[in-house]
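Heads up, the next two complexes both have chain A, just with different partners, chain B and then chain C.
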Partner chain A sequence: MGTVEYIQHHLTNNHIGEGFWTFNLDTIVVSFLLGALIVLVAARLGKQLESGTPGGFQNFVESILDFVSTNVRDAFPGHNPLIAPLALTIFVWVWLMNFMDLIPVDLLPYLFQLVTGDSHAYLKVVPTTDLNTTLAMAAVVFGLILYYNIKCKGLLGFIKMFLFHPFGKFFVPVNVVMTFIEEVSKPLSLALRLFGNMFAGELVFLLIALIGGTLAVGAAALFWAPLQAILDLAWLIFHLLVITLQAFIFMVLTIVYLGMAHEEH
Partner chain B sequence: MSINATLLIQIIAFLLLIWFVNKVLWGPLSKLMEDRQKKINDGLSAAEKGKHELELAEKRAKDVLKDAKLQAQNVLSQAEKRGSEIVEDAKVKAVEEADRIKASAQAELEQEVSRAREELRKEISSLVVSGAEKILNKEVDAAVHNDMLDTLVKSI
Partner chain C sequence: MKEESTPVSAETAPRKHKPALNFLLLSAGSIFTSMIIAGFLVGYVIDLLLETTPLFLLSCGVLGFVGGMMKVHKLLEKMSLLDTGKAQKTEPKPARDE
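After this line comes the complex of A and B, so read on.
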């Protein structure tokens, strides 16, 4: 298998359907499983909540909760009971989906190929390297931004924001274009930032995997294999930071954008 | 890698997950943490109040102790005073008694002395009379010589 082929194979989703009605099965299944994991763990934890002296795992979850609610309190003016659970969901889910990136790139596809018996079966395990996932979340956030803009400013106020923001009433056409770009760039930047980071990270993992996979033949493997291991470890440690940072950024920007939507002009 | 219907599924998944997280995780746990926060705050304020009350009680105890000390001192000094008074009284009384006893003894003594003197005088007078009788060899008329006898007795 050639280099290009190897990478392309890794970056192709396991999908069914044609055109727009294509379903990326791996993305859907993995993200659903991770979501279900969150719900199951939460439900199990919920049954044995301890008010007085929480045990280890509850402490861990509580610290995440505390972290999220501190961020919400810092970045979000006023009070909205939806913001904190939304932020928590984004942080945990995105982090888990990003974490799939740290599983050795060939492990899950290889196991999948073994299980299905199809040596050419596609499997792309990181849902956030699928633009559909990040764009879906950004779209939901965008919907909430629109909803709270209209709810807090009124429909008239929202239209006014488009007409007179940022340059005042003498530049109405410019204002409309500017505000439109400003609003649309919010979800787009959210989706593309996460997607880009994770996609690039995955690509680097693939390239590192190629060092040992294709270049090492015979005695040269003695040099290339340890190099691959060291590089892989280095990138993994760095990437651990990246996936956390990206989940955090997605969460904070969501809070900030929704906070802006709540502000009255 | 293009946008397709997966987007719709992911939107639904995301919405469902938000709902679940809110219901199962955020709701109960944040309520629990809030309750705990409130409990801790209550406990702290109660402790603060208890401390304050303790301070007050200590102050009160100190006051009471001071009062009691003062009172004890008073009682003690009074008792001392009263004691010395009693001693003084007893002394005065003893002196008086002694004086009285002394006086009565003196009086008795004097009485005794005068009585003895009287007896002596009588005896002497009778001795003198009998002596004179013997000398004169006749009876002396006591009545006639009474005056002389009296002067005699008195000169003894």
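After this line comes the complex of A and C, so read on.
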């Protein structure tokens, strides 16, 4: 397999169906499993809560809760009991999906190929490197933005926002198009930012993995093999920061956009 | 994290620079680009419906560009207003609509 085929193979989803009705099975299964993991761990922890001296894991989860609620307090103007749980879910779920990027790029696809017995079976294990995932999450946030816009401003207020913002009452057609573009750009920027960062990160991991993949047995391997290990470790450490930052930005921007939807004017 | 043990409610605390807005500023670039992309997308759909290609594609693209500029400018203006907490105490309030 050449380098181009190797990269293309790793960036192709295991899918069924054609055209619009294509289902990326690996994305769906992995994201569902990670969501189930969050639910299971939360349910298990919920049964074992200690009020006196909590254990290490409870402390860790409490620190995440504290961190998220501080951000919600900072960025969200009003009070809505949905926002903090939503923000927490987004942060943890996106972080876990991003974390799949840190698993060696060939490990899970290789195991999958062994299990299925198909040496060319596709498996892309990072759901956030699939634009469908990020767009779907952004679409849910967009739905909530619309819902709270109409709920807090009223249908009339919402229509007024479209008609008279940002150029005033003399440019109604331009205002409608402009506000529409502005609203559409919110989920688009959320989705594209996360997808772009994770896709680029995955690509760099693949390029580093190719150093080892193209090794010839000989003295040069003494140079290339340690180089690959060092580069991989360096990118992994840096990427740990990136995946956390991206999950955090997705969460904060969701809070900020929902906060804007709650503002009366 | 521990300094949060005696919480000051958001309502009673003095108005200060909100850290979450930094992240909105961090994403100013992607807001700008996504405004342009959204502009072209909206224009493309309108053109598809009205069969007027490339009239709305181009005009909405330009509108997206203008809107992106305005949005980033507004964001920076808001940030500079929040950022100069000290300046607001000593200097008179600038005459701005915000």
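We adopt the following convention: the second predicted complex is superposed on the first by the 262 of 265 C-alpha atoms of A that agree within 3 Å, B and C clash if a C-alpha of one lies under 4 Å from a C-alpha of the other, contacts with A are read in each partner's own complex, and residues count from 1 in each chain.
Keep this in mind: a residue touches a chain if its C-beta (ideal position, glycine included) is under 8 Å from a C-beta of that chain, and two chains touch if they have at least 3 such contacts.
Since this is a predicted model, take the numbers as computed values, not measurements.
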item	value
Partner chain in contact with A:166 - chain B first, chain C second, else both or neither	second
Partner chain(s) touched by A:23 [first = chain B, second = chain C, both, neither]	first
First, second, both or neither for A:75, with chain B first and chain C second	second
Chain B versus chain C as contact partner of A:35, first or second or both or neither	first
Which superposed partner A:118 touches (first chain B, second chain C, both, neither)	neither
Between chain B and chain C, more extensive residue contact with chain A	B
Which of chain B and chain C A:61 touches, first, second, both or neither	first
Set of chain A residues, in rising order, touched by both chain B and chain C	66
Complex interface listing, chain C residues touching chain A	1, 4, 10, 18-21, 23-24, 26-27, 30-31, 33-35, 37-39, 41-42, 60, 63-64, 66-68, 70-71
Interfacial residue positions of chain A with respect to chain C in the complex	63, 66-67, 70-71, 73-75, 166, 174, 177-178, 180-182, 184-186, 188-189, 192-193, 248-249, 252-253, 255-256
Contacting residues of chain B [partner chain A, same complex]	1-11, 13-18, 20-22, 24-30, 32-33, 35-36, 39
Chain B-touching residues of chain A, taken from the complex the two chains share	11-13, 15, 17, 19-24, 27-28, 31-32, 35, 38-39, 42-43, 45-46, 49, 51-52, 61-62, 65-66, 69, 82, 84-86, 88-89, 92-93, 127, 130-133, 135-137, 139-140
